[in-house]
């Protein structure tokens, strides 16, 4: 079991390095980038840049310096914000984005699994068709179309919920719409996935054995079928996280939520190179970490992996 | 050919292809359906609702420009970017996948491992990162999108190459002394067209979606050009008084994506069963 | 008229199947997989059901256990310990299944749940049927694993199916069927998926069960297995019973041409290598398109005109068995 974890951990490191190296390369070598010596800047600014970023050193030394700073959680100064470093900005925005993302993931799992199982149990009957149709909507309508529509319907027309903002951070009303908007595409995917995997699981021969033992349907479902059906959903958690992170950019923008996604967009619009790169590296690490957790979780749930 | 027959029997796929055809026609020739230019400002009709008689089928946006004309222009740009990005991803994906599949063994393993690693990363971030450094012209956009979404294509091409590698005509060519590169270019790549068509059909909606995503945020297509993403972004900001400015371009985008999905699935089913 | 084995009041049969018919609705039509099967089984008796693939032997077992898919419709009567199983509400049926009446499946790798430990899959039977606690059930699971001669039973309890060999897995499947000490075990080709060397061990295990008083219905296509284990044998063809009787009687004097051909087809040690193969000519019939009359007629060496016109009835003969063939008179003369 432990060897499994170690193996996965080791496998995750190249991914991290690719992200970090790619970002570094882009920063230093892209024409038109901040360190392009062809740009015309005043000598004082040039001197400052040189000093701050050690541009006079050979490239590989700069690389190691970069790695060291990252290891200490230092993403460098922001290019547009005079008062804050990138690290500080990330630290400010992350709790908000984290709460948003985790809530969306939890909602997606609960509703998605519920719908999928429901559809599988009522296979090919009207209830099932409704589930399939619903999941198609969530997948087809992009979240940047859905989010404004949700705001329009619930925030403006019906006025049931605030149309934007995060309140003081503790008010549920402000969180409902953004979490739903973020969760919706994931609910659809998980519903579709779990429905198919549950249908397949129910047709496995060991389900027949379970019935032959006289077990009632709810036990056969929960104890036998669910263990088989959950695995594809667990595999999907990795891409789902990437999707939530991507989606959070839109949702935070549309609902004016002060998370990292919002900073990222502003940074991109204002060409704040370090902030943009910093967020990419940061989120990249999170995704790698999460994929690692999912891999290990999968290994725990499927006894055929890592056990001879 | 059997595949065509099967395709015809799939109503969703046929409907999808029909819708795509219509949209493409609209994109190419739609400008003749409307008397208005895409950047002509009608000062007396700021955010006005649809008015069929006056020719403002979709109403106007916050700057008084005809939304119908702009939606059709958006179709043109979005499709252009989508197809261009797909073609770029096609070139990269085929080159990468065919090479990996053909060389096999360790090289193949390493190359596919890299694909696995890249696959887990959210590519939108990298596209945005690239546009920050490289700029936001139209060509930059579809190049960066294409450079990022070739992964699925590579996987499919590799799989097909592995299957083709052991077919008789390849063995024959090798026996005759053909070089690897010649075999790849002359024999394998021309035979990849089936899966490639499917992949392209399935990649275009991703590309369009990515471009719309960027444009929505203001990081994609820039004024005065427009795309569905830009229109949706504008529409989202003005939806309170003018919901049509969000719903029309949004609807077009959703329908187009749906059509691509059905058509792509249908073509895949039709072509796959043969082997 | 079908005649069940005679019953005496003092020893009513454990299982009475009367005119069991199971039909499957398929896109191509209705398949009569089981077509009018009747037999009795007494407590402690072992019945072997033989036939080719598609003869309906496995479907007979599934019909008894109530494990048919929704596309199947069943008719007839299945009396187990005096209670009618067909049409029984699932809650009642679930109390019997696994407890009084259990099943052993053909392929142990797929019959076991790969995601649960051996112990879990054994314990749940007793937890459910006897209300035992997990700890008590676990102790029973250990005991039954030892009964089926699994080495290092305590260690195997916490392992997963894929960690066991094929033979051990099948022992676990048998253990699962045995653990509640049922009166009847239905075994669907329990040795077919196993190596020949392991087959013998599993058959020994089943013999132990038989000796312990459990009634067994054993479905197989291997006559050797039947000879070794069973008191009586029932031969099925195209969903119908063609012959039935005590093992010795049937094997020594088969009355149905199909039974005779099956016995002929078994290679023997004293055969010459050059002897022509004695396989039965022709193919098993397509159940969707059965010929009128006797289903075996197209392949029967003794076929006569009447065989292609009328379906023969299953009739008792003097030696106590039953045959379904026009060529056999009720008194047993052919």
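Letters A, B and C mark the chains as written, and numbering starts fresh at 1 in each.
Here is the rule we go by: a contact is a pair of C-beta atoms (placed from the backbone, for glycine too) under 8 Å apart; a residue touches a chain by one contact, two chains touch by 3 or more.
Here the structure is a predicted model, which is why all the values come from computation and not from measurement.
Taking A-B and A-C together, the pair of chains sharing more C-beta contacts is A-B. Greatest centre-to-centre distance from subunit B is found for C, with centres as Cα means. Put simply, the C-alpha centre of subunit B and that of subunit C have 58 angstrom between them.
If you average the CA atoms of subunit A and of subunit B, the two centres end up 23 Å from each other.
Separating the centre of subunit A from that of subunit C, both taken as means of CA atoms, is a distance of 54 Å. Within subunit A, no positions touching two or more other chains are listed.
The part of subunit B that touches subunit A in the complex is made up of residues 114, 117-118, 120-122, 124-126, 128-135, 209, 212-213, 216-219, 229, 232-233, 235-236, 239-240, 243, 246-247, 250, 253-254, 257-258, 261.
Subunit A makes touch with subunit B in their complex at residues 14-15, 18-19, 22-23, 26-27, 30, 32-33, 140-142, 144-145, 147-149, 151-152, 156, 238-239, 242-243, 245-246, 249-250, 253-254, 264-265, 267-269, 271, 273, 276-277, 279-280, 283-284, 287-288, 291.
If you check the complex, the residues on subunit C that touch subunit A are 65-67, 90-91, 93-99, 102-103, 105, 107, 110-116, 124-125, 128-129, 160, 162-163, 173, 176. Within the complex, the subunit A residues that touch subunit C are 204-206, 208-217, 219, 223-224, 227-228, 301-304, 307-308.
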